[in-house]
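Chains here go by letter, A, B, C, D and E, matching the order in which they are written, and residues are numbered from 1 within each.
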Amino acid sequence: MASLSRETLLNIFLTIGMLALPFVATAIDEPFYITLATRVAILGLAGVGLNLALGTGGLVSFGHAAFFGLGGYAAGILASHALNYTPIMESPFLIEGTNQMLIIWLVAIIVSGIGAYLIGLLSLRTSGVYFIMITLAFAQMIYYFAISWPAYGGEDGLSIYVRNAFPGVNTLDPQGFYFICFALLMAGIWLSATLKNSRFGAALQSARQNEERLSAVGVKPFNIKLTAFVISGMMTGLAGALFADLNRFVSPSMLSWHMSGEIMILVILGGVGRLYGPLAGAIIYIIFEFIFGGMTEHWQFFLGLVLLGVVLFARGGVIGLIAGRARHD
Amino acid sequence: MSELLDIENIEVFYGPSQALFGVSLKVGEGEVVALMGRNGMGKTTTIRTLCRMSKQKAGRIEFAGCDIGSMPSHKVAQLGVGLVPEGRRCFANLTVEENLVAAARAGEWSLARVYELFPRLEERQGQMANTLSGGEQQMLAIGRALMTNPKLLVLDEATEGLAPVIREEIWRAVRELKATGQSILIVDKTLSELLPIADHCVILERGRTAWTGTPDALTPELADRYLGV
Amino acid sequence: GGAKIGMITTLSGGGSGLGIDVRDGFMLAINQSDNKDVEVVIEDDARKPELAVQIADKMIQSEKVDILTGIIWSNLAMAVIPSATAQGKFYLSPNAGPSPLAGKGCHPNYFNVAWQNDNLHEAMGAYANSVGYKNSYILAPNYPAGKDALTGYKRFYEGDLAGEVYTKLGATDYAAEIAQIRASGADSVFFFLPGGMGIAFMKQYAASGVDIPVLGPAFSFDQGILGAVGDAALGVKNSSQWSKDLDNEANKAFVASFQEAYGRLPSLYASQGFDTANLILSALEGADVKDADAFRAALKVAEFDSVRGDFRFGNNQHPIQNIYVREVVKEGDVLTNKIVGLGLEQHQDAYAQECGM
Amino acid sequence: MTNPILEIKNLNKSFGALKATDDVSITLNAGEIHALIGPNGAGKSTLIKQICGGLSSDSGSVIFNGQDLAGLDVAERAQLGLGRTFQISSVIMEFSALRNVMLAVQANAGTSYRFFKNVRTDKKLVDRAMAILARVELEGRADVSAAELSHGERRQLEIALALALEPKAFLLDEPMAGMGPEGSKRLISFLDGLRKEAPILLIEHDMDAVFSLADRISVLVYGRVVASGTVDEIRNNPAVREAYLGETA
Amino acid sequence: MTAALFFEQLLNGLQFGVTLFLMAAGLTLVFGVMGLINLAHGSLYMVGAFACAAVAAATGSFWLGLVASIVAAAFAGALIEMTVIRRLYNRDHLDQVLATFALILIFSEGCRFIFGSFPLFLDVPAILAGPITLPGGLPYPIYRLSIIVVGGLVALGLYLLIAKTRLGIRIRAGEADREMIAALGVDIRTLYTIVFALGAGLAGFAGALVGALQSVQVGMGEPVLILAFVVIVIGGIGSIKGALIASILVGIVDTLGRVSLPSLFGLFMDPSAANSIGSSLSSMLIYVLMAVVLIFKPEGLVSQNG
């Protein structure tokens, strides 16, 4: 390709910006900006996960908070057991807590993957609005369970107190943790780009647009969609584990429908199906929250106006606004 | 004979790509005009623009003495354009009968008359449109347009997918309609049926009006050049 | 000395009335004080734990506040307080008092100026004994604070239970529970249903024609909410560590000045906000907030004129205080509360001994 | 007699009181075009759906290359070599014509679970798909999205998709519909050659096409096969003339 | 549980179900028939409740308040339809979700700006206050009985409107193919505004009726919204009959679940654990119900195509 498309330029710009941010923040002595950026990266990753299901696969999941929360609780539970030196279970075999991020991530990915597999297995029988609602229903079930389940704090949630460890990085240092999150975000974006352009991605996009045709050429749409849903849930689950570490806290609110809505909004805000859409959406959302939140107690009113403006006048989200309508391929 | 429809030099875009580069055509009161051309030459686009489903960038459209170039779709239909669209487009979640009455306007064509024309529809009247057979859907689309009692009936490939007997029926109906003075703009691939009833032919090529004339004037050479037959 | 205080509280969405009252009470005290070196930054948490954590980070890292306060809800408190105190900040709770923070998880930098969550319920249990109830039907939403509430009631209540029910958090139709209550043969009903749940329950209870007496903590009968419950609340006994008719100078001045400043009667939450601010101000008089040990000591002695009269901290830095029983009455057109007795005297919470301090 | 490639035995399907297919038995032999005609709503498309697995049959069986297809779903039957076109074009609208065909090629190869290699630069896929597009004379429109194709072009794409599957039998539901007169002519000669690759079960209302192509014709009326035979037999069958052909023949 | 109590709980379940239906009715119209996901439905419900409370407080008449609730919500509905919603019909569900979510924020904060953060007072009118004795000696609140009646009437009215009138046919045609119905001469734009306003009016009406029974406060619409969606989806989108059946099913299952599950578990485990598990489970029950229904009938109980 001779010249880069505007979208590619924008993506490069966003990547560089995110990379430079912690250094700028340190230079102007605003360490909090790193925390904000970490949050952006994590929510962005959750969004990238959802975007795979939603943008590429057309699976409008209103229950991704379930995977976000499962990942978060996986991290929280492992870490809290490590903290208290109590095993998670002793029989039939011993499972102990851990504060190693790498193990925690793995567990979070597996747990949320299993969750997504089970939920997907049942929900993918439906489609359209029914799918939206049944994913919501499953997430709500988990939510109500978590609220009333006393072992890990119920609605009060579970504190981790200290951030988990990553070999060779001081995770307590905001920069260190930020770069971990950022690296995972980039890996997530790379993975979703690769998937989208692969044969699997072609099948997935076809499943979104025309299942009848996909099965007529001999591919089972259900299996394709289920695979995508599981991968999507895993990515969002990983983001949940990071989120737990960022806040040093997990609570059922990670599982609530507001959270599902928020992740979805990030994705739409940035541009559904766009590679960097979730990241752009997360940046904007967090900035609004940050700027308006301190200004007036009626900040949600203005947030509402801004969101409305984006949907009505920026089709294809912010990326669409800047980079133009998606091309067909 | 006064002009019912007068389209002059319209240009139409789909997003950035231009589909019509200057189409002109006229339909007189009581006339049957055949709109012809190979696949992808802009027949449907012309019709969409007439029905205000696509907007022209340039050119003029007059219908029954009104400039309809900037009217909304429903106004044009109310002025008397009845469309049988390409691909049927029956309302999937409505029954046959509901499809027919949804946009009906008073006039000669009533439910009873449509059922008389297409007895098959009467048999299937309570069935959801999306479960009809392809041909049944086609009949429904024609019936639905007739129920609006249009001044100008627009048929875009209305006989596609119909069994020969039914097709004959439809041609008979078209001839009858013509006899009653109905104006018709028609796109169809069966030239052997189309040419005898058309008063005028308009041929499109690459989004332009390439030829206009009476069916008699359509020589085999012209037919070969523009239509490939 | 001066100090920078960060207030994280709920100012928008459902339940924002509580946060607004805390803020207004707090700011009233700040504005009345001569100490002009106190700066307060206020942010809205919209009742979301993640947002509260983010704001706390911002206040600590960016605003560099010395003291945090303001959180209304236990789950938000649990999200923010442990990490804030771990980072060396002071946190003074003007409302929530989750049990983990009163017991094992107590912290030298954490002070609760309101109550431990169980306190008001315990007082109601004690009161139920004192008026001779023997068969209570008790209900609360199915979440930790609800369980704490019923545990608190049962801790002091000595009679039998006609029923113990946990309802869905956020439920607003109580016809089924009311029918169970009617059928249970209870002689009293104790409930903890904060916010809209309580309003709905009381209205529906009154309309049902069941006339078993009702008891509850102050939360469902406080000034901000009574207007919405209406006459259905008349006569209900509820427990509170504060009431606007408490007879002490500080309280009289507070009630009068709050009404003057905001044009409405102060609520329980406003009183807690007011006390919290005054506690901080009193400590700042003697100690520099940067000198953590001195400041902590100054907070701990709690030398300020609390609107609830006597006020002191226990070993876990939660209040030891009187909890009164009030009755909902009508003063002219306005529904309000009147103290009718003492539920628990100089009461300390049940978790204090688990606290290592 | 040769073994039929596709053998349909006593298929039935009812929608409520309506018998859409009623004890239908037909066969498709190697190298032949078997045309299925009949009035609108006779059950032709229903029969195709039953064969392809989109609709479950009330009773009867479909035997394909000696294998009973009972219990297999649409995708599995397609993998076995049933290539169909839809009466109403069903393509991937946001994909270009080329990518539509590439999808069918990858599906035919059974490689839809490859996650990493970029399809756009996958020469194997692209070349094969281009070749197929060329066969239906759509190579000039390869990069146009299906949504932007005209109706007739989409019908051609339908056929390309079936070709890409390299099926062992074609089931074509009104392929002529929407083709202009010229397109129809070309399609007729194309199908004429295609029968050598695999036999075709052809549903069509275009009698010119049917009469010039079919080796055998079966006539379906109200779900029943009322006549079956050579072109001449059917053409001269008075019942068929009345119920279906009218004066065309 | 005695038979009388069981009967009473059944009645409660029915009543709760009809309340749910009332809350969902406007949404069914807009979501089921026009195909628009309107998350702001809960906000319109709230607008109705606030309008009713404010007018009732000012005039002393609940009935005037009720009228005000319909008018205010319908007006708000028409307003947002013309400014926002109209642009969304051709968009996919996602854009609708985001835009109407934004409307929730705007409505909630707007409402709080006008009415403050404290719940408002709204009580049932005097003639409907208190209990009435049912045959069998069971006292039952009159107001709740009235809700059952009103809910039934609303269901009937909606059903007739959608299924039996030309207006209904046209709205449904518009959902299937807006461009086509316009090309046939129906002014679908205006029609949709009217229908949306009607749905909004119904939401407001429900807000007022239910608000009198529950509480009138900012954010009251949100829980309603999810419940309403659950009901519609269980019932089968677009079907008024389905929504009614589903509401009653949900109402009864929920009510019976929450009164009986704890004691059911009590049969084989210790009471406090039973209580805890039973009530946890009962709070998940309607979602379980929904999942089960959708797994077995992926298009809801009363599927439109059959």
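Here, a contact is a pair of C-beta atoms (placed from the backbone, for glycine too) under 8 Å apart; a residue touches a chain by one contact, two chains touch by 3 or more.
Owing to the predicted nature of the structure, the values given are computational and were not obtained by experimental measurement.
Student: How many links in the shortest chain of touching chains run from chain A to chain C?
Tutor: Contact-graph shortest path, chain A to chain C, evaluates to 1.
Student: Quick one: which chains contact chain B and chain D both?
Tutor: Common neighbours, chain B/chain D: none found.
Student: Report the chain whose mean Cα position is at the greatest distance from that of chain E.
Tutor: D
Student: Report the inter-chain centroid distance for chain D and chain E in whole angstrom, where each centroid is the mean of the CA atoms.
Tutor: 48
Student: Between chain B and chain E, what is the separation of their C-alpha centroids in Å?
Tutor: Those two chain centres are 44 Å apart.
Student: Determine the centre-to-centre distance between chain C and chain D, using the mean Cα coordinates as centres, and give it in whole Å.
Tutor: Taking the mean C-alpha position of each chain, the two centres sit 74 Å apart.
Student: Per the centroid of Cα atoms for each chain, what is the distance between chain A and chain B, given in Å?
Tutor: Chain centres of chain A and chain B, defined by C-alpha means, are spaced 50 Å apart.
Student: Identify all positions of chain A at which a residue touches two or more other chains, and write them in rising order.
Tutor: 144, 147-148, 150, 298, 300, in rising order.
Student: Which chain E residues touch at least two other chains?
Tutor: 108-109, 112, 276, 279-280, 283
Student: Two or more other chains in contact with one residue: find those residues in chain D.
Tutor: 148, in rising order.
Student: What are the touching chain pairs in this one?
Tutor: Those chain pairs which touch are A-C, A-D, A-E, B-D, B-E, C-E.
Student: Can you list the residues on chain D that touch chain A in the complex?
Tutor: Residue positions touching the partner: 52, 54, 73-76, 78-79, 84, 86, 90-96, 99, 102-104, 106-108, 110-120, 122, 125, 145, 147-148, 161, 164-165.
Student: What residues on chain D touch chain B, complex-wise?
Tutor: 15, 37-42, 44-45, 87-88, 148-153, 174, 177-185, 205, 207, 243-248
Student: State the interface residues of chain A toward chain D in the complex, per the touch definition above.
Tutor: 194-195, 197-203, 205-206, 209-210, 212-221, 224, 227, 328-329
Student: Quick one: which bits of chain A touch chain C in the complex? Just the residue numbers, please.
Tutor: Those residues of chain A that touch chain C are 30-33, 35-36, 39, 144, 147-148, 150, 153-157, 159, 161-162, 174, 243, 247-249, 251-254, 258, 289-290, 293-294, 297-300.
Student: In their shared complex, at which residues does chain E touch chain B?
Tutor: Touch residues, chain E against chain B: 166, 169-170, 172-173, 175-177, 179-189, 238, 304-305.
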